[in-house]
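In what follows, a structure is listed as structure tokens, so that the remarks can point back to it.
By letter and in written order, the chains are A, B, C and D; residue numbering begins at 1 in each of them.
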Amino acid sequence: MVRRRGAPGTNFLAVACYIQPLESIFRSRMAPVPAPPTESLRNCGAEIARVGAELAAHGWTPATSSNFSMRMDDSTIAVTISGRDKGTLTPDDVMAVGLDGKPLDSSLRPSAETALHLQIYRRQPETGAVLHTHSHNQTVASRLFAHRGVIVLHGWELQKAITGYTSHESRLDVPVFPNSQDMADIEARVDAWLERDQPLYAYLIEGHGLYTWGRGMPEARRHLEALEFLLACELDLKRLGGIP
Amino acid sequence: MVRRRGAPGTNFLAVACYIQPLESIFRSRMAPVPAPPTESLRNCGAEIARVGAELAAHGWTPATSSNFSMRMDDSTIAVTISGRDKGTLTPDDVMAVGLDGKPLDSSLRPSAETALHLQIYRRQPETGAVLHTHSHNQTVASRLFAHRGVIVLHGWELQKAITGYTSHESRLDVPVFPNSQDMADIEARVDAWLERDQPLYAYLIEGHGLYTWGRGMPEARRHLEALEFLLACELDLKRLGGIP
Amino acid sequence: MVRRRGAPGTNFLAVACYIQPLESIFRSRMAPVPAPPTESLRNCGAEIARVGAELAAHGWTPATSSNFSMRMDDSTIAVTISGRDKGTLTPDDVMAVGLDGKPLDSSLRPSAETALHLQIYRRQPETGAVLHTHSHNQTVASRLFAHRGVIVLHGWELQKAITGYTSHESRLDVPVFPNSQDMADIEARVDAWLERDQPLYAYLIEGHGLYTWGRGMPEARRHLEALEFLLACELDLKRLGGIP
Amino acid sequence: MVRRRGAPGTNFLAVACYIQPLESIFRSRMAPVPAPPTESLRNCGAEIARVGAELAAHGWTPATSSNFSMRMDDSTIAVTISGRDKGTLTPDDVMAVGLDGKPLDSSLRPSAETALHLQIYRRQPETGAVLHTHSHNQTVASRLFAHRGVIVLHGWELQKAITGYTSHESRLDVPVFPNSQDMADIEARVDAWLERDQPLYAYLIEGHGLYTWGRGMPEARRHLEALEFLLACELDLKRLGGIP
């Protein structure tokens, strides 16, 4: 019913680094030894700050919750430093880490939740941006559907905003994983889901909000905006007594 | 109880092209062979972009959903190109198509849903603007009332915002048609409704939002704003257990 | 339990015309024959336009609904011309009428609902401003409580925002009158309420929104803001199953 | 399960006066006799005005409700003058009072609710800022949970936004005290709660909104934002029928 996203590859660098000037893409292909990606980090930081301000304006990042990341190249990710107000981010609030979680600048400490971002970049290498938000609807839906472990979206035209979906008649599963202060617990849940060969475009953590992603920031944002809308609709149908 | 809108005719051009300078109206009356209406398209594009930004700010156009159009002249419609973010439209995101759906610039492809816009322009020739939005209330109401096929509005003062309505005691029917990825299915439903000689000011598609229109953009926007408000009220009365 | 507002009188002119410069107050006291109050109308128009933009930004004036007025002097009221978008008012959208409803500029036609404004200015002469809005909460509450004819507010600290109320333990009655397209019907309901010597700070019309007022525009706005808040709370308590 | 906040002391002055220039901190340590803290009051007034505008923009301070304060030094508090619109505060709307409630400028009268602010500064001396707001969710929750006397928050990741909380598995109690027009009644309830040696980060007054605080304004705002979010979630779970 649903097409999986195409295998990563050919046009991968161009997608992941869509705000990187051509020159720096050329340079990174030429240079196998990664030098500190200062310009790329600044570009990603600026993009993350811009998106953060917009998401915060929607009220989706209360009280310094939420974190955002973008792929800089094959092995490096730009990610927000923990504890900053997501509505007033600047490029200085974004740091670079390797896919293994090691910070490129050792004086900075990435947030614990960075592990969940990196897991997606490793397991779905076409991923160019990951967004974790904490909206009212996401948080309430995660509590309400935790006992089922999944929210099944069906019959909504806006499912087509998720890349690969072409009809409201398709079925879009958003798993709900139990919360834990140990990220390894959550990583294990995500791994188990993926190992059952099920499509995964987003997941909720109980009482803790949503993770979603895309090949670049525009796609990640579109996925986030569509899922927020669809969760709000599902909750409201429930408030209204369900579809007769 | 309700007056139908007057037959199209006399002041049609002036209404449909209300942002067109007098000179260009004169020109289009003189010239039976349509030349590419560059200035008119630019004017309509600017108006559509302005309205799109306002509707997007209300959250009624999530994730590149929604499309908007304006009549340029008897046989030409300006319509948004598919897939653009409705909050950041520019005149370049709007293209011209004939009433038969053929693009005037063959390098652009109109969205599939353009067919639903054109159907309204053909069947209600006094129409000057068509708006399709995808708000939370429209989408939830469309799922909730789909089994009845219609939402009956009655007793609301704001029904008077719909042209032709003069009392809260009138009855305003908004049909809810099943969704389909084949626009011809939806067109057939609209045709069937109109052939039963029922008034039609707007319709919902199940899980997919609202279509409404007016003799010009201001009337179309007023109809949209009023219907959004009335659907929200109907849903809330239901949440509150209904009128005792 | 509740103090009625003090009798009108002494500082009446200063209150009613609080944006009128001292010089023009002096002039109007000197001149018993009313000349067209151009400067006062312009001042009131500017104030009404400013307030209208703020109320529209809250979404309380959908689709050209709502109207606003201010007292210019003992016998003249500035009131919005019917049918204008309340979010983009200018002083030119405001006209002057006598307390009998006669327009000072006979080329302009006041809206039918002006009669309800004038009734308040005549019956409560200390009134300096009247606001009629059409918010979601006002409209839904008016339908839900219409069968009782009144909404009783009790136990809310914000009741103290209504002039004369000093405790959450007081009781604030907001009557709900049936809607009519004949203003005389609604006027008769208001008269009947007042003749039973009941306090009246605001009233709802079924399916049609709220009227409230104050000695000047700031008090009228405070009353409106407080009542909108309290109606929203009452509705939500009902959605939540009521106070256990 | 939960760590109490560290005892006040060492870095207290630096935290409480975080917008005070170093020079003035040095001066206040040197000078045991307090001179009128003009510059500090102006700084606190500017900060309170900025925060007030942001809280008002969220709709959390309807109709001149709410009040805010900041600690200026060991024995002086800057607090909003009663009755001002919290969305348009200037430093002139903020006055200085001693911990005993006596105004430093005897021509100004602090609001009655100032007593509740001072109680917190006295009993939890590490406190640098107190915020009292009156949002829809706070007000509705306070009515709904008044009969229990407490709202128990549990299972929400955002509990970690409260200083000292490190897990969603902790339990965060927000007491709900009965409203009174005599502040001494409410003070006695707060005292009784604290004397049972229970942690207290915030409390609701029935029908009257929330008090919360922090070591400085940023912490107080984070606590407010998190509690507003969590109360909204609790209410919505209830609307949705509760966790299955």
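Here, a contact is a pair of C-beta atoms (placed from the backbone, for glycine too) under 8 Å apart; a residue touches a chain by one contact, two chains touch by 3 or more.
From a predicted model like this one, the values you see are computed outputs, not experimental measurements.
> Please tell me whether the contact surfaces of subunit B and subunit C are same or different in residue numbering, using the over-half criterion.
different
> Specify the angle of rotation obtained when superposing subunit C on subunit D by their C-alpha atoms, rounded to a multiple of 5 degrees.
90
> When the C-alpha atoms of subunit A and subunit B are each averaged to a single point, how far apart are the two points in Å?
Averaging C-alpha atoms per chain gives centres 35 Å apart.
> For subunit A, give me the residues that contact two or more of the other chains.
In subunit A, residues 239 touch at least two other chains, as defined above.
> Chain contact graph: line, ring, star, complete or other?
It is a ring, because the chains touch in a row that closes back on itself.
> Can you tell me which positions in subunit A touch subunit B when the two form their complex?
The touching residues are 155-158, 161, 166-169, 222, 225-226, 228-229, 232-233, 236-237, 239-241, 243-244.
> Can you list the subunit A residues touching subunit D in their complex?
These residues of subunit A touch subunit D: 62-65, 134, 136, 139-140, 143-144, 146-147, 179, 181, 205-209, 235, 238-239.
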